[in-house]
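Please see the structure below; I have some questions.
As written, the chain order gives the labels A, B and C, with residue 1 at the start of each chain.
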């Protein structure tokens, strides 16, 4: 405190303080924009499916130390939006790991693939990023294309048989 | 058996010889009289106003009517149902009465077929008028879906028109032959026309035998078709979930109403033809008497189905159906409803029980009341239901809540009535209105016995 | 004494400056990053797309073109979007009759107020229950009465649950309007006022409107083909409407994404007038546990 007081001369002391602090903070913040890397692991136990996400520092293309207590947002890609999975708030532990249970009976595409996405958003020291991996843990979709079923509400050519027969008289 | 026939027929038919019958019944096929021209002029004027209204409708769309998103069907549709109902008179008289050997009704065969054909043609025209896009009318045939009740209606109306026309034409053949042979002072086109239509009719016994066989087949065919046509029309309503329409009773209700209104129509036609063509000896008081009794019978059947139709829902008063019943019995439509039910249904039954009222003029008046009541009844079947939807009607313009037909709708409706009368008048003028050969046949039978 | 006071004031000044500076720095950084392109993620950005045979494939976002698709022609529109079964959930506990859904729908389909695709009705199940607002549009039924009665097949049911109308074929008989128990359809009685006359007609956009034909909510298939939500969903300020693909088991209201099966199970989703047997694809969540009481805030009234 006293040191500060000594350097600055009256009149421009306020302005100088603000300016210096601003530059300091700015550079601090810019410099703190670290990149993160997330590794996704899929494993099963006792019939339940789990995903473990491991977040680590990512410095010039090399994976560094694990990040602890960072919030990860886990989603599954859906048609219009991302479906959140896991708990409401997912934080990594001291090893930078986070384990959540994969939802039961979630539909996938025709061969059961789902796209799992994990994101870092609005974290204190890390830039926003997202990683994804495709896994066939979805329920395979059976697409019923039997358009030509004979129904009362179908197109004229798919009318129920009894109506076609009654047409004859 | 033969003395029963003799007894009945002696009362009905006058003691005239054959030549006079033909004279009497062919007399009106001459140059159009002044009265006839005035009558046609009035009809054509009404039709012209209707055409003007329709042109406006084509230009501005159905917005010129009072129909809106809730009351999406209006008097065009109720008029359509009315015309289909009237057309059942053809099967009533020329099939049911003929098959049950009610020979007093023989003179009425042709006029009933004429009314039936005219009514069906105008029903088809009015339904095209109701379409939002009449320019796409061919889509009905190109893309028709057999699952749709409208397609069933198109098929059955076409079938009924064909059978009715055949019944009319086939039983007309001997009389066209007569026209071709007997009528000489006619314009050339008319003589050629008769010659063409007569199809080489030579008055031979084998031809008569074939004719009767064909007529017998057609008569039997037309009865299920007649029942079907009005039942299928009722299915246009009964296949929806609307209060008042969602009823299993709708088929018989419509058919019995149709027979009743057909009988009323025939009585009115009988009265005017008898008067204007001076056929007092062929359409006698006995005919009016019998038709009056028939009308009472048919009205009683219709009354039965009416009670059936309204008692169940009125007892339960379920939701939207309850609102609908309330509206009809004590609400906005109550005056019209009770006028129609009491004035158009109960009153004719009560008054026609008495013989003095079955004389030509009184019964014609009563039949007119029945006819007007029947038209208003179809209005009450179509419009109030549409104003009681399951979901509440909110946030709409005032005009959506009421249905008061516009002048264009009335003009087109009256033009359709004029159209029916026009077709009837033209056909009466061109052909003998009473079946000469059938009356002659009966005369022969009496003479032979 | 003076010295202490001076120290105190200096401390206060320093703390104030520090806080201001840090706020300014963070704000400055955000400003910078928003001005420059977000290129921290470009190497990672992959999107998943549904291939034509229903498999999920991953492609780099930069490689995918997002052309503005030409709306489907009437014959193409008879085929549904492959592999989808669209559903709508309406959370009646949240609706406050803001009517933003109606406004955005009107704008998107170039409608006039007399032809609303969506209606918000004031409903009251019985005299003792509280009234509630119920947004209602076409229920896209699985057993559609309107499709059954159409004589020319102008309205049809697609594999993706949507019931569409081909206004090039409609003859204007209005039988479908009589058949629909939910009064979902509106008719173009007069010439519709539209400025989009030169746009090619597509049943998937229901634009331009044609005189003498019938229209209704179509779930905006033109937007769905581009994986965009219909405007009514995203414009609702209260998050009332949830839309999604039942094959995905997921619905979203633009902000919140939930599993469809869980939502319907936990909140007792029901279909309006279920026993008519039309099998609607619109579910309602009952107006219970409301966060605010019912307010009659418009001129809406029963007639």
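In this text, a residue touches a chain if its C-beta (ideal position, glycine included) is under 8 Å from a C-beta of that chain, and two chains touch if they have at least 3 such contacts.
Note that the structure is predicted; figures quoted are calculated from it, not measured.
When the interfaces A-B and A-C are ranked by how many C-beta pairs touch across them, A-C comes first. Here the chain at the heart of the shown protein, by mean C-alpha position, is C. Distance from the chain B centre to the chain C centre is 52 Å, each centre being the mean of its Cα atoms.
Distance between chain A and chain B, defined via averaged C-alpha coordinates, is recorded as 73 Å. Centre-to-centre separation between chain A and chain C, using Cα means, comes to 23 Å. Residue positions of chain C touching 2 or more other chains, listed in rising order: 145, 148, 153.
Within chain A, contacts with two or more other chains are made by residues 152-156. Within chain B, the positions touching two or more other chains are listed as 143-145, 147. For chain C in complex with chain B, the residues that touch the partner chain are 114-115, 119, 121-123, 136, 145, 148-154, 169-175, 177-179, 181-183, 185-191, 211-214, 273, 276, 298-303. Those residues of chain B lying in contact with chain A across their complex are 143-147, 155.
On the chain A side of its complex with chain C, the touching residues are 1-2, 4-5, 14, 17-18, 21-22, 24-26, 28-30, 33, 35, 77-84, 103, 106-111, 113-115, 127-132, 134, 141, 143-145, 147, 152-156.
Residues of chain A that touch chain B in their complex: 152-156, 159-160, 163-164, 167.
Across the complex, chain B meets chain C through its residues 60-63, 65, 67-70, 72-73, 130-134, 136-137, 139-140, 142-145, 147-151, 154, 236-237, 239-242, 386, 389-397, 401.
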